[in-house]
Amino acid sequence: MTATTRAAAEERAAVLIEALPYIQRFRDRTIVLKFGGHAMVDPALAASFAEDVVLMRSVGLRPVVVHGGGPQISHLMERLGMVPEFVDGHRVTDAETVDIARMVLVGKVNREIVAAINLHGPLAVGVSGEDAGLILAEARHPDLGFVGDVHTVNPALLERLLAEDLIPVVSTIGADATGQAYNINADAVAGALAESLSAEKVIFLTDVEGLLADATDPASLISHIEAPALQGLVDGDTLTGGMIPKIAACLDAVAHGVGSAHLLDGRLPHVVLLELFSDAGVGTMITTGVTA
Amino acid sequence: MTATTRAAAEERAAVLIEALPYIQRFRDRTIVLKFGGHAMVDPALAASFAEDVVLMRSVGLRPVVVHGGGPQISHLMERLGMVPEFVDGHRVTDAETVDIARMVLVGKVNREIVAAINLHGPLAVGVSGEDAGLILAEARHPDLGFVGDVHTVNPALLERLLAEDLIPVVSTIGADATGQAYNINADAVAGALAESLSAEKVIFLTDVEGLLADATDPASLISHIEAPALQGLVDGDTLTGGMIPKIAACLDAVAHGVGSAHLLDGRLPHVVLLELFSDAGVGTMITTGVTA
Amino acid sequence: MTATTRAAAEERAAVLIEALPYIQRFRDRTIVLKFGGHAMVDPALAASFAEDVVLMRSVGLRPVVVHGGGPQISHLMERLGMVPEFVDGHRVTDAETVDIARMVLVGKVNREIVAAINLHGPLAVGVSGEDAGLILAEARHPDLGFVGDVHTVNPALLERLLAEDLIPVVSTIGADATGQAYNINADAVAGALAESLSAEKVIFLTDVEGLLADATDPASLISHIEAPALQGLVDGDTLTGGMIPKIAACLDAVAHGVGSAHLLDGRLPHVVLLELFSDAGVGTMITTGVTA
Amino acid sequence: MTATTRAAAEERAAVLIEALPYIQRFRDRTIVLKFGGHAMVDPALAASFAEDVVLMRSVGLRPVVVHGGGPQISHLMERLGMVPEFVDGHRVTDAETVDIARMVLVGKVNREIVAAINLHGPLAVGVSGEDAGLILAEARHPDLGFVGDVHTVNPALLERLLAEDLIPVVSTIGADATGQAYNINADAVAGALAESLSAEKVIFLTDVEGLLADATDPASLISHIEAPALQGLVDGDTLTGGMIPKIAACLDAVAHGVGSAHLLDGRLPHVVLLELFSDAGVGTMITTGVTA
Amino acid sequence: MTATTRAAAEERAAVLIEALPYIQRFRDRTIVLKFGGHAMVDPALAASFAEDVVLMRSVGLRPVVVHGGGPQISHLMERLGMVPEFVDGHRVTDAETVDIARMVLVGKVNREIVAAINLHGPLAVGVSGEDAGLILAEARHPDLGFVGDVHTVNPALLERLLAEDLIPVVSTIGADATGQAYNINADAVAGALAESLSAEKVIFLTDVEGLLADATDPASLISHIEAPALQGLVDGDTLTGGMIPKIAACLDAVAHGVGSAHLLDGRLPHVVLLELFSDAGVGTMITTGVTA
Amino acid sequence: MTATTRAAAEERAAVLIEALPYIQRFRDRTIVLKFGGHAMVDPALAASFAEDVVLMRSVGLRPVVVHGGGPQISHLMERLGMVPEFVDGHRVTDAETVDIARMVLVGKVNREIVAAINLHGPLAVGVSGEDAGLILAEARHPDLGFVGDVHTVNPALLERLLAEDLIPVVSTIGADATGQAYNINADAVAGALAESLSAEKVIFLTDVEGLLADATDPASLISHIEAPALQGLVDGDTLTGGMIPKIAACLDAVAHGVGSAHLLDGRLPHVVLLELFSDAGVGTMITTGVTA
């Protein structure tokens, strides 16, 4: 073995060994992953995400994937000649719209994630919030139609699938007691599932590097922030746009027993692996900040 | 208690007692139900079918529902300005068409069946043939595109769900080894699942009374026929149209260990219950005709 | 199918569907049935009771049958030239009498119930209170000899049999710490077993329609009464004769966690089925009347 | 400690240590014990038998007790003014007689054995061959009425009780497919149960020292005989009277997989313990004599 | 059977029957045995101890053996030219000494005990306190080097072995968090293991008859003493020498939930059997003296 | 994130992803590792080996470590003034020598491996071939004294420890039926354990790069060789010295169902990880060469 080969081999081994304490710490722990943004529409990134999920499970973690798909819903609506209408960022959702949303989320986006994972083995199972009573929904506001909030989660189905070493992929459709379907914000569902599963982590893939102290300066990334400080930023209107529901879900999750919440840059291949299994700090970690 | 009340009560009790030996015989047995035709589009019939399925499971049977949805696929294609094309009764299915078929089957038809069942409790779980490697598909014919046949069935996911007292509702999309989706004939899938689950019965809901000796005379219903005699009818070209794939699936199933196959009139409310739990003969039963 | 056949079929299905919510609600729940009176001596009624018990178990309930047999004991005593003697309604029971009571209850009455049930399959197992320490007895009064009260119940044996889907049929003989046998009132045993098994219901078959507001008017049947009101009737001496120990057992059972107690007319075939699985109100239901 | 005390202590320890290899060899093995004769009617012997059975179970063996009770049946018949009638040693058994036999066996003899064992803890459970389909009987001969032979044994109930560390005590009443009860010879039942349970040993308590080469000379006890030699004695008419059915049961049992059959002198206290746990040879052991 | 044989047989049976209540009482209970002193160096006594342990397990108890081996350690040190040094009865233990202690205890003394037990079957498994984190040690005193105290016990490994019906034989080496080995007093380890396993008894084999009221008079043996009275003797300096750590371990064990502690004379063959399974009082029993 | 950081992160992720298919393939498979040579005496290499073993187990493999320790045995013998004597490469082993070998292997070498692994958690359990009958030994040759061969393996203890996610570390002392200890060649034990555990792989750490086509040229490393070809080299006397027993063990293992045998260079840190989890070919792999 040449010196070069030997050095390469040692470096390779060092990466695996660096992962060891993380693998030990997270063994049998549940990790909820909100998949979305750029990573979901770029085939190479989607494939790398699928590999990360399979690796997580292969070393003994229990990943649960949650996804939305707003742009894909709008796209089909447009093809059908419908005009999406939004109020305060929420899509006004009549009966036909929720039907379309369900078709797109459960029948298209979910399927593509399942297919990408199952290239590595018969692992993923698509699930809708309507299956086995997983998500009981309630209407958010009369003006919004079938836009729902999570009323309660019954995680039994997910626990059964996880116990069988399967990977649930969850579409964020819920049903109310009459069986009426609702479309629910995927960030909120990810947080609620993480709570009900007592997850170790909930991870949100975004299209930014993480939480920035100065939104214009990528170098101002906040690696770790505790809930009270983050709440301060929220109250101070420092934060903007699409991050708001993610941050609300993060705060909610860590307040209800989830170990930590993470905002990661989904544009970086294998960002989930780096967060979980290496000493390299990526993205922003939110923890409760309250000592037990 | 008046004499009238008493007579009514006794009649009521008699129906329940008549069901007893059937309940005992079918306890813990798997029954595969191909849902379709008129029953799927008439809301009252769909609700009555859902009740039947829930009752089956409540008394200890293990129902598995399989469905297709050709008309619904055509409907969405038309709304999108596409023209369905058929060759020998098979829909020519390009990439966009299979995408639409999957959305409609998994994201719409399946969801409606799940919702109808779950009005009675958190029981049904929608499943696609792509989930956890359930159905490995292969192309039927190069000219047909992504029209598939069942190559192999891996029933592990269904067995897990059944072991948890859940009711799987299966959409007939399969995937090949590269993850490519295929649309598969639902009658064929029902037969193949029944075989792989060693089901007691496979039941096909149709829009006719059953198999008629004389297609023009409803009074000529054949209540019971053995496989060789039925094969004789097939070979003699006595049978026509939509019954052919159902009958092929029936013959295939009983030839591979399924106890019996049934053609029932889905237009009759609760026809499944009557077949399973009463002495009233309904529809046509096919058995192997070979003494073990 | 003719219109008449079709109507009959639909009616039949309606009865089964009416049973569905009850089957779902009582699944895996224990129901203690005190068998006795006319139903025990009329072969047709005894056979109908056996069918009811088998049906209960077949749809997932867990029935436990308890029986006495005073008239049969007296009959054998008379054939042996002994003169039954009663004090305050209790049979004075010397060593020979308890020996005879045990022979009759365990060796005859119990056997007949077991045989009737086992015509439907290997389901029933005869049990005496002496088996595996099921009922620890204590003497009721020195003057009565071996007439016992229930001191404590050790339900382990019954729980094991129920867990194996078997149907225990219990003779009401208990033993004290020295192994001495006692004859115990069967109503009291039924109530005590229901308590110790945390039963959903305890049902007493009687020879009347239920509890009547006016003992001379069958139309005055009380369908439902809460414990405090029933206690009022007891205290007011409104009730008479054989109902007293049954009602005491009812009040005791609902006060100790049994969901409801029922007085049913055992002269009506399949009265147990009607109570459990239909909307038809039969007999009298007693509940605690205390909101949890 | 004085020398005397010390010697006594060492002797005591020696007995326990002598038992060790037997305890190891028979751990978790099933031993069927046919209880009867003098030992059943002498209270001190009955109590010593109960202790033996409890000790067997306490050190990990799985005892099953089988009993008859001919004299007790005759006694009750006489008290009721009936005249027992025998043909070829079999009691002619009409409907009333089998009813009485059942009362006596299940309701009296069985109860006394259960009570004696349960003085040591909640261990024994009385079982009749009718319970849970344990013994399917068939008529022996039309002239004998309800005298039965064992048609088949369904040992599931016994296996369940043994798995729960309980001690089944079996009365030898069987039922045919119509539920009709039959009285069956207890020696034959003991052999049949031993076979169906794949017992290590079947032990018959008798009122003689064992099998004697010369029936008039107790010193001619045969300690061990193989099946072919014993069959020779049977064929040569060397054997007489009550031993015939026991020896037939022994030969049948060892021919069908039971390790060994034993004829022990039930008049000797704790004879079962001595056979099982000491080097002292007692009674006669029958083995197959065929090398596997 | 002669009268003499019969008398011998009855005596034999009496010993077994005398053991019955003890076997019942101690079934599935854990008994920790500190093996040492004369019994460990006399091959006949060591073999008799091994038989006792195997018999305990064979009748359903769960023995755990703990041993030290000071003389054997000194012996090897001397052969290697090292001079054992003691401070206050503790061996000053440098790195080389602990290495030798570990070799002798784990690699020699433990092996001999395991071998003696395994002559009776594949039962014993040698365990060191370092295995699977069984004993976390801490230094007793800087001057003593690697002489340890028990910091905490993680009994999971022992519980697993006991659940598999194996007999753990424990060497008293512990490790601290850095993996450094310590030699720990075996009496203290026996007491600590008994506590952590919620043992029924902890038994110390010694070279004296037990606790003597007057150390010069063997007839002054104290058969039973409660903890407060024993503490009084300790405080009064009545006790001397090697008994001190044993008595401290006894007091500690009964104060933390162990049922009783025993000092037995290991020079008496099978002394453990006599203590456990006979009415003969041997040695000294210490109980808490506090009524629960 | 700078471009450099990003490149480093991607490289890191690539190593983890490269490991994925290997982790999936080897999940729940048993890997037997013969530890020895340079790696055992160099503390840094020993620590890296311990990390590798812990990582294997953390990602779901089931490692079993086997070790010898010839030089350490010789060292203690010398300190005790004994002169090791060898015949044909086997140490002549009298009673004292086997005693010393056992002390060194079980009490010193084994302990050091256990300690190194347990720095990462309570994972390793030291086991000797004498424990629970693991290795039944037989004498190799009368002239060699207590040098043993493996007669049979009873892997029950190892299977239990593996089922509890523990890591067995096995010293190669066996015992014969009389309890006599024997010292056995560790290469042979590793092969025999791999066979009896149906291991996926058996891996031998050596002090060379692997099998060289030309022993003088490191570049002539044979990466993969099938059993018949390797047997050819053995028969042709091409191989020399210490490799002979290892190669015999390899051939024996693959001939009895072990998936593959490996000769790895133990001087390379983390060489086990590289073999198992990367595409980098290291050392020599031997497979059966027979198509199933």
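Per-chain residue numbering starts at 1, and chain names A, B, C, D, E and F are given in the order in which the chains are listed.
Everything that follows uses one rule, which is that contacts are C-beta pairs under 8 Å (C-beta built on N, C-alpha and C of every residue); 3 or more make two chains touch, one makes a residue touch a chain.
On a predicted model such as this, the values are computed, not experimentally measured, just so you know.
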Shortest chain-hopping distance from chain B out to chain D: 2
Shortest path length from chain B to chain F (each step joins two touching chains): 2
Chain whose mean Cα position lies farthest from chain A: D
Averaged-CA centre spacing for the pair chain E and chain C, given as whole angstrom: 56
Centroid distance [mean C-alpha coordinates] between chain D and chain A, Å: 69
Separation of chain A from chain F, taking each centre as the mean of its C-alpha atoms, in whole Å: 43
Numbers and ranges of chain F residues touching at least 2 other chains: 121
Arrangement of touching chains [line / ring / star / complete / other]: ring
Order of the ring members, counted from chain A so that chain F is second: A, F, E, D, C, B
Complex interface listing, chain B residues touching chain C: 1, 5-6, 8-10, 12-13, 15-17, 19-20, 23-24, 27, 51, 54-55, 58-60, 120-121, 209, 218, 265, 268-270, 273-274, 277-278, 280, 282
Chain A contact footprint on chain B (complex, rising order): 79-80, 99, 102-108, 110-111, 114-116, 118-119, 121-128, 130-134, 154, 156-157, 160, 164, 166, 173, 175, 178-179, 181
